[in-house]
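Several structures are given next for inspection.
Both complexes shown next keep chain A, but they swap its partner, so chain B is in the first and chain C is in the second.
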Partner chain A sequence: MAGKKTLTFVLMDPPFETPRSTTAIRLIDIAVQRGYDVNVFAYEGAVNLAFSRQTPHANAVHGRDVAEEGHPVPREWVAEIFKQAQRTGSKVDWVQCGLCVDERGAGEWISGPRRGSPADLVKFTETSDNTLVIPTR
Partner chain B sequence: MAKKILQVVESAYRATIEEQDDTVVWLSNMMKGAGMNLDLLLVGGAVNYVIKNQDPSGLAIGDWKQAHPPELAQDLEKLIGKGSTVYLVEDDATVRGLERNDFIAGIKAIPRAGMAKLFDAYDQVWHW
Partner chain C sequence: MARYLIFGSCDPLEANDTARCYDVAASLAKEGHSVTFFLVQNGVFPARRNARSRALAALTGANVTVLADEFSLRERGITTDRMAAGVKAAPLDVVIDHLAEGAKTFWH
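Moving on to the complex of A and B:
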């Protein structure tokens, strides 16, 4: 794609807390759909978005078993972003802040993201057309 | 006699997409089912939960599509059906342009000035 743009997203919220994580992933999804290259720096609680042990559960209040409930787990959304990038030709570089991972014991994540540091965010910022920070509030 | 608890929900739309419900409304449904004497008060943005015909369906990320979007009003109706009272702060609804005829049945609106009196009727008030 001529003039292909690169966007960097900085995420901070953990999954299963506020709508910001969902919104962030939706924005990344749209960027990848449109063929943009995307960098993600998962900072603090956001490193758990890709945590591989997230497990869907049944829901007694809804009256549905595990299969019927289709409980969303953000690791699936992250995986979808990488899958979609293969189709659209987008390059997705998702960096998990290493110190944030260590302090949470969150070292198990799905295929796709890689371990990194704020130095990666510096590179992302310098090489991107724009950076969007979605912080914790 | 069982303690009487008032659940005050103010952190609205917290994880409602991932959990497919509001976590405190869900917890209230579970605890009410387990025998707890509880009611619910919706404050701030959470007053929007009572609106009929909400439609948060259609979330899709890649090939993933949400099968069961949250049904916040229906979950409140379940709680009311179990015998809990669901209150909302009318002032918070008014400033958001929400009208009573848009509410699900059974919602009791109270003025903000009436919150202290309401709290006084409970053994414990849990603010979420």
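Moving on to the complex of A and C:
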């Protein structure tokens, strides 16, 4: 595709904690919708964004079951990004920092992301049109 | 002349160093760079006319383009008719435009 761009996103925040995770997913989604190739380097708590055992819950206080509550889990957002990429021809290379995964015992993740290291991040930055680092505070 | 995209994701009332980010943006613009300051998440709070809006007015006065994420504004009930002068609502797509065009970025 003429003019196809490659963007890299560096994510650090764990899910369920800050709006930065949501903003990051929104940005990645837009890039994928455009058919851009997208690299993601998830490190520290961000490796849990794709953790496969995330489970939506009911809300007993409000008397809502799981379906009614519709509690979002980030692994579904990540999975949707990979599905979207298949539709748009975007290549998504989502790397889970291996050290960060091991520290957290977070080795179970959904289909799509792969295990990697900071060396992948270096390669990403060298081969991308641009890189956005979304740091934690 | 370089192109910069700076993210303001913090409410200045909860993060004092936000003012330093505004200063960096204004300084870069003063040096002749093209600077866009993109407010997102709680960073959009000063986009609603209030005591902290003067800092944003100073930014626009310094030739910095100040944009506020439409989604973040909507989440926080900030309507465009209550926004500070010079600040424009924008979709997040603008960020991808800037990234694709090679803008230098930093996130606060």
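Rule of thumb we're sticking to: the second predicted complex is superposed on the first by the 137 of 137 C-alpha atoms of A that agree within 3 Å, B and C clash if a C-alpha of one lies under 4 Å from a C-alpha of the other, contacts with A are read in each partner's own complex, and residues count from 1 in each chain.
To be clear about the criterion, contacts are C-beta pairs under 8 Å (C-beta built on N, C-alpha and C of every residue); 3 or more make two chains touch, one makes a residue touch a chain.
What you are looking at is a predicted structure, and each value in this text was computed from that prediction instead of being measured.
Of the two partner chains, chain C is the only one touched by A:K5; chain B is not.
Look at A:T127: by the touch rule set out above, it reaches neither chain B nor chain C. After overlaying the two complexes on the shared chain, residue contacts for A:R26 are found with chain B and with chain C alike. In the overlay built on the shared chain, the residue A:Q86 is in contact with neither chain B nor chain C.
Contact with chain B, but none with chain C, is seen for A:H71 once the two complexes are overlaid on the shared chain. Set side by side, chain B and chain C differ in how many residues of chain A they touch, and the one touching more is B. Of the two partner chains placed by the overlay, only chain C lies in contact with A:R34; chain B stays clear of it. Touching of chain A by both chain B and chain C, each in its own complex, is seen for residues 19, 26. Chain A contributes residues 15-19, 21-22, 25-26, 29, 59-62, 64, 69-74, 76-77, 79-81, 83-84 to its touches with chain B in the complex. Taken together, the chain C residues at the contact with chain A in this complex read 9-10, 15, 40-42, 69, 71-72, 92-93, 95-96, 99-100, 102-103, 105-107. Across the complex, chain A is touched by residues 13-21, 26, 29-30, 33, 59, 61-64, 66-68, 75, 78 of chain B. For chain A in complex with chain C, the touching residues are 5, 7, 19-20, 23, 26-27, 30-31, 34, 36, 129-135, 137.
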